[in-house]
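Both complexes below contain subunit A, partnered by subunit B and then by subunit C.
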Partner chain A sequence: MWRIYRLGLMALLPMNVLAIPVDPLNSVQWTTMYNRFLKDYPVQFDSRVQVLAPEQAENSMQVPLAVKVEGLQTIEEILIFADFNPLPKVLTFYPQQALPFIGFRIKLQQASPIRAAVRTADGWHVGGKWVDAAGGGCTLPSAARNSGVWESQLGQVQGRIWQQPSAQRVRFRVIHPMDTGLASGIPKFHLEEINLQDATGKTLAQIKPAEPVSENPIFSIEFPKNLPLPTLHISGRDNNANKIKAELIP
Partner chain B sequence: MKLFWLFVSSCCCLVFLSLGVDAVELNYQLVPRQLSSDTYVFVGKTEDFSFENGGNIVNTAFVMTSAGVVVIDTGSSLRYGEQMRQAIAKITDKPIVQVINTHHHPDHFFGNQAFKDVKIAALPTAIEDMEREGGAFSDNMYRMTGDWMRGTEPLAATEKLTADSLNVGDHKFKLLVLQGHSHADLALLDEKTGVLFAGDLVFYNRTPTTPHADIAKWLDALKQLEQLKFTYLVVGHGEVLQDKRAIVQTREYLQWLDQSLKASAESGKDMAEVLQTPIPEKFAKMPLVNFEFSRSVVHLYPALELAVLKPAS
Partner chain C sequence: MNHYFKSTPLKAQIASILMACALSSTPTVFAKGVTDADIQNDTTTPGDVVSYGMGLRAQRHSPLDKINKDTVKHLVPAWAFSYGDEKQRGQEAQPLVYNGKIFVTASYSRMFAVDAKTGQELWQYDHRLPDGILPCCDVVNRGAALYDNLVIFGTLDAQLVALDQDTGKVVWKEKADDYKAGYSYTAAPIIVNGKVITGVAGGEFGIVGRVDARDAKTGKLVWTRPVIEGHMGYMVDKDGNKKDNGMTGDAIGKTWPGDMWKYGGGATWLGGTYDADTNLLFFGTGNPAPWNSHTRPGDNLYTASTLAINPDTGKIVWHYQTSPNDSWDFDGVNEFIPFDFEKDGKTIKAGAKADRNGFFYVLDRTNGKLLSASKFLPDLNWAEGIDLKTGRPIEKAGMRPGNPSDAKDGKKGTSAFTIPSFLGGKNWMPMAYSPDTGYFYVPSNDWGMDIWNEPVTYKKGAAYLGAGFTIKPIHDDHIGVLRAIDPTNGKIVWEQKNVAPLWGGVLSTAGGLVFTGTPEGYLKAFDAKTGEELWKFQTGSGVVGVPVTWEQDGEQFVAVPSGWGGAVPLWGGDVAKKINHLNQGGSLWVFKLHAN
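Moving on to the complex of A and B:
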């Protein structure tokens, strides 16, 4: 009887230990991030998940970031987080009909790994990069809060669709202060969901931004060449139930 | 990279570092280079601010007139200003009668405190910018150079330069009110010696910086500087030369920067992709080109990418 019990323990323990791979970025926050975001599926670090970002953030409130995935099939979601941000979760992207690429800018509170975890049928594939930052990106008020001109334009969208040789590139900007709730006296106020739909209302891709996405975010995404895109409908809402609704025509 | 290293290293390393710097008494080793019988330049390193160089990355100058000494830019800290003053006193016992700041960036005016008994002049807009941004600059400079900054508090110029020339003793300086590197860039042409002090409108073998730049205005300013006859061109950062090579280099880099960023915006690139732009061979050896290019993308790309988007219906 004790033997069986022990065997059972043996089978469980090493699996749990092995399930947390050693972090190539050597971040002391890795285990916390793993437990918070990734532990429900197997995790592997994967060079096919590329994070493009500068070595050093010139502006902690607008750190450029793009995630490119090559060679992974049937992607369910792309989760982006920054280990050392007071609010680590940055954004979740559900590519659906879109190609596994997304670009935008984030607020960084201090030097941190920025990671992209791509979930496929066999679990998470994780890529990442350390970005140094002078600090304060998450706890400073947005530029709009200082200038006070955002209210009349809240939710307005600008954008464009490019026909490129290998893809249809979409870039769009939404006017929103994207307040983290960490700047003193300014409650959390940010876009929560953006849906990209075709003319029939079918969802082509979904973006769920969290607090660290930069003010007036400008997103870059791509659709395959063979996807008909006579128009692209952009709809969504923030955490105060303000709606956005817009239409891009190529 | 350097900052990243500091971040991951322990506190012990930081203490050790600052002790190491203290041991050499935080001396900028300012040695003036003589351009004419009465004009000298302190040539800084073509580096970024660091704990090692303490901010001595800028060119400052002084001119000995019959009425006293004119100082042009005061360096990156109180300590720099003090040491500059000591170095000047070794050359001349004439009093310093006038300080001029070419623009509002910290490496050009943070030594002002050492000259607070002297008239300190700058363009009116530059003075406003010094007052507004001095505090933020100071935080940054402490972060990047540490102990070298001890005691430094931003002291904005007080005297507004509004005329087109300035007479001090037997020297007449033509004042060129320009912009593009910052919102107000002053260039001075000493009509007696022909020395042109261009401030940061011109860099040489040091990649130009763009945190407050307007490239079109900057290129326009370079056009005006190029028309001038000068004996020496004192650039803001880099070697002092007797010809126009520095103007040509600065112009060519800015033109490439402008054109490549516009082309990227026009083709729908994301800012993070623009960071990957290959640097042309011509500029690849310029110190700090990768670093400054990636900074410039952050400074300049937002306006360019916005210009190619259309309002959605």
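Moving on to the complex of A and C:
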């Protein structure tokens, strides 16, 4: 009986393992990440998905990060996660009319792969990079928490549209403490949805930030040159339903 | 089910409702969300608790009787749930139960959804509070309201938040007012015909009390009614345009001198009740501001009053003021509970209120006329009684603190010793009414205070009192007393004393039981007829929350929050000796009968 049972188990195991591609970054968290975020669609590692980040985080509260995708068509979403963060999910970006590029900063709890998974009609295309970090980014209180001014400036937006040779670059900052809920006594408090719309209310792109996005985040995204952008409306909310609303004029 | 049909027609009716509940408890039916009918019928549907007060009349009486005088000795914990964190302050909430979930609010504007059977947390919402909130009397919250798929509660920074019952995600959020001016929100909202009805807190900071009605699904304001003479009410149409809806009171300055009405107080901090028979909301209003009454000669309408408001129009239909020109912080915010009784073969549509000032009032709820008023505090010393013709108190001489301008230095007036103290014959903690016994069960406190007045001027966001005070026990053996009162004659039928002040709500059941908690940590059950203590359980911290009961899968459950705090430890004066050993906590306890 035992033998049969074990044989059966062995027969099953390789099938499951085979479905998960071998992680080029060799992270012990990969299987967990795969099961949590990716398992509903086919997964392939793809060099067309680039994660741009420093080798080492100088400040674990503010690790600069950019994701750039080249040569993939009809992108549904770009999911960014960090394997070893206590809250691995960092952000989801729905480019829609935007180019498949996003830049911002994150909090990194310890050395970890930072990955971007790009979903197209044929499944997930995953790229990533190890970033070394001293630790502590996610479990520390935001700087605003100590300054006491977070509430008076909450939700203020500053931004600008730059015309570059290859794209129209939009860069904007939202004042928000982006507390993870992991620092003792400070509830989870973060932006959860940002919509970029044209003057008619049509959504051009959407960002859904999660807890690890840095305090007072600055987002960089790009629109194609041929998209008319006489004005850009930025709206959104945090998990307490505090709203943001702004309009960028070139 | 047999025993139901053998008993009275009323019970047979309840039994049929129970059966209807049992039949309808399938996920497809529950998925419709809480309806206005569910809320209106809350009293007679013991499978859930979908409103603060266990029904909009807030009688806090359940038709359930499996836990009764005979079986209560078998009542044991089913589970306990810890709120966690370092935020262990007063837990004054009444839980709600719907669709197998318990929704309970906690100190620091937190909300928990817990599986009603297992006590396992489903989700938690921690409202992000600014550092400068101005709650006068601890960082409490008294409960939520359910509507559709929403669970709605107010926060210490004066916001209303509607969460999805299943996920805890914020669906809408609206600012009730400016917390920097002293506004906050601690009461449980109520839902009447699709509108969420709320008051505001902040009476110690010179705010102006008001009652707001919003669309419960969107949070958009429908009407607002300030409760202080001279302030304009308005309605808001679908496009967000404000329309004048008449001034509150007869004329500016009629019962207030100068511009004192502008920061006149009257905080509606405890929320209200509703009666479908008369289609009236009943909201109590708080103390006039400042406390120093020499600055505001006149009745100061409508402070320290009960207001009857039409929920459709936002207009005041009648008012009854319990403490004209209040000098003692006897704010009249206490809940007004509609009930019917028979007199000379006629049904009287009445309502009762156990006021902060120590009198138990019975009014005709159709017109606000006084039917009777009696002392529920036997030691009450500031008035002889209430004049039945005028409805006004017959004050005793020398019971008001003196005018500071009469003092040589003009800084401090003469002191008066009054019973009750400003924390009241009864404070926020809701009483219950049993249609079975016909008694009200009033959590009261026997205590007095020295109070004196000082000069004061209004400054935004600063305490606006002009008074000093110290509370004193008046008996060695007790402060708290649970009293059963017969509203037909005002007599105290029985009383149960407690060493520490009572600060928790009361629940009555058809099992002939009355439940309430004590700061010493006990949840207790008493015989509703005799007051005999039949059961108690130590919850580990003081019980200042409000118990509820419901039935699930054929078993009756009782739930109560535990966690010592509230106004007493902050304002308690000499009372501290009786309470300073009590420890804080923060948990929800659920009880059921031991199997076999």
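As a convention for this text, the second predicted complex is superposed on the first by the 233 of 250 C-alpha atoms of A that agree within 3 Å, B and C clash if a C-alpha of one lies under 4 Å from a C-alpha of the other, contacts with A are read in each partner's own complex, and residues count from 1 in each chain.
Quick note on the criterion: a residue touches a chain if its C-beta (ideal position, glycine included) is under 8 Å from a C-beta of that chain, and two chains touch if they have at least 3 such contacts.
In this text, all values refer to a predicted model and were calculated from it rather than measured experimentally.
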Exercise for review: Could you classify subunit B and subunit C on subunit A, in the superposed arrangement, as clash or fit?
Suggested key: fit
Check your understanding: Just subunit B (first), just subunit C (second), both, or neither: which does A:164 touch?
Key -> first
Practice item. Return, as a multiple of 10 degrees, the angle whose vertex is the Cα centre of subunit A and whose sides reach the Cα centres of subunit B and subunit C. Key: 100
**Study point:** Most subunit A residues touched (candidates subunit B, subunit C)
**Key:** B
Review point. Touch check for A:153: first (subunit B), second (subunit C), both, or neither?
Key: neither
**Study point:** subunit B versus subunit C as contact partner of A:103, first or second or both or neither
**Key:** first
Practice item. Using the superposition on chain A described above, determine whether A:240 touches subunit B (first), subunit C (second), both, or neither. Key: second
Point to revise | First, second, both or neither for A:47, with subunit B first and subunit C second | key: neither
Exercise for review: Considering only touches as defined above, state whether A:189 meets subunit B (first), subunit C (second), both or neither.
Suggested key: second
Review point. With the two structures laid over each other on chain A, which partner does A:249 touch: subunit B (first), subunit C (second), both, or neither?
Key: first
Review point. With the two complexes overlaid on chain A, what is the closest approach of subunit B to subunit C, counting only CA atoms, in Å?
Key: 22
Revision key, fill the gap. The intersection of the subunit A residues contacting subunit B with those contacting subunit C is none
Check your understanding: Considering the complex alone, what residue numbers of subunit A touch subunit C?
Key -> 148, 151, 179, 181, 184-185, 187-189, 237, 239-242
Check your understanding: Tell me, which parts of subunit A touch subunit B in their complex?
Key -> 26, 52-56, 58-59, 62, 64-66, 103-105, 110-111, 130, 132, 134, 156-160, 162, 164, 169, 171-173, 218, 220, 234, 246-249
Exercise for review: Going by the contact rule at the top, pick out the subunit B residues touching subunit A in the complex.
Suggested key: 1, 3-4, 7-8, 140, 143, 267-276, 291, 294-295, 297-299, 302, 305-306, 308-313
**Study point:** In the complex, subunit C residues that touch subunit A
**Key:** 85-87, 126-128, 130-132, 161, 169-173
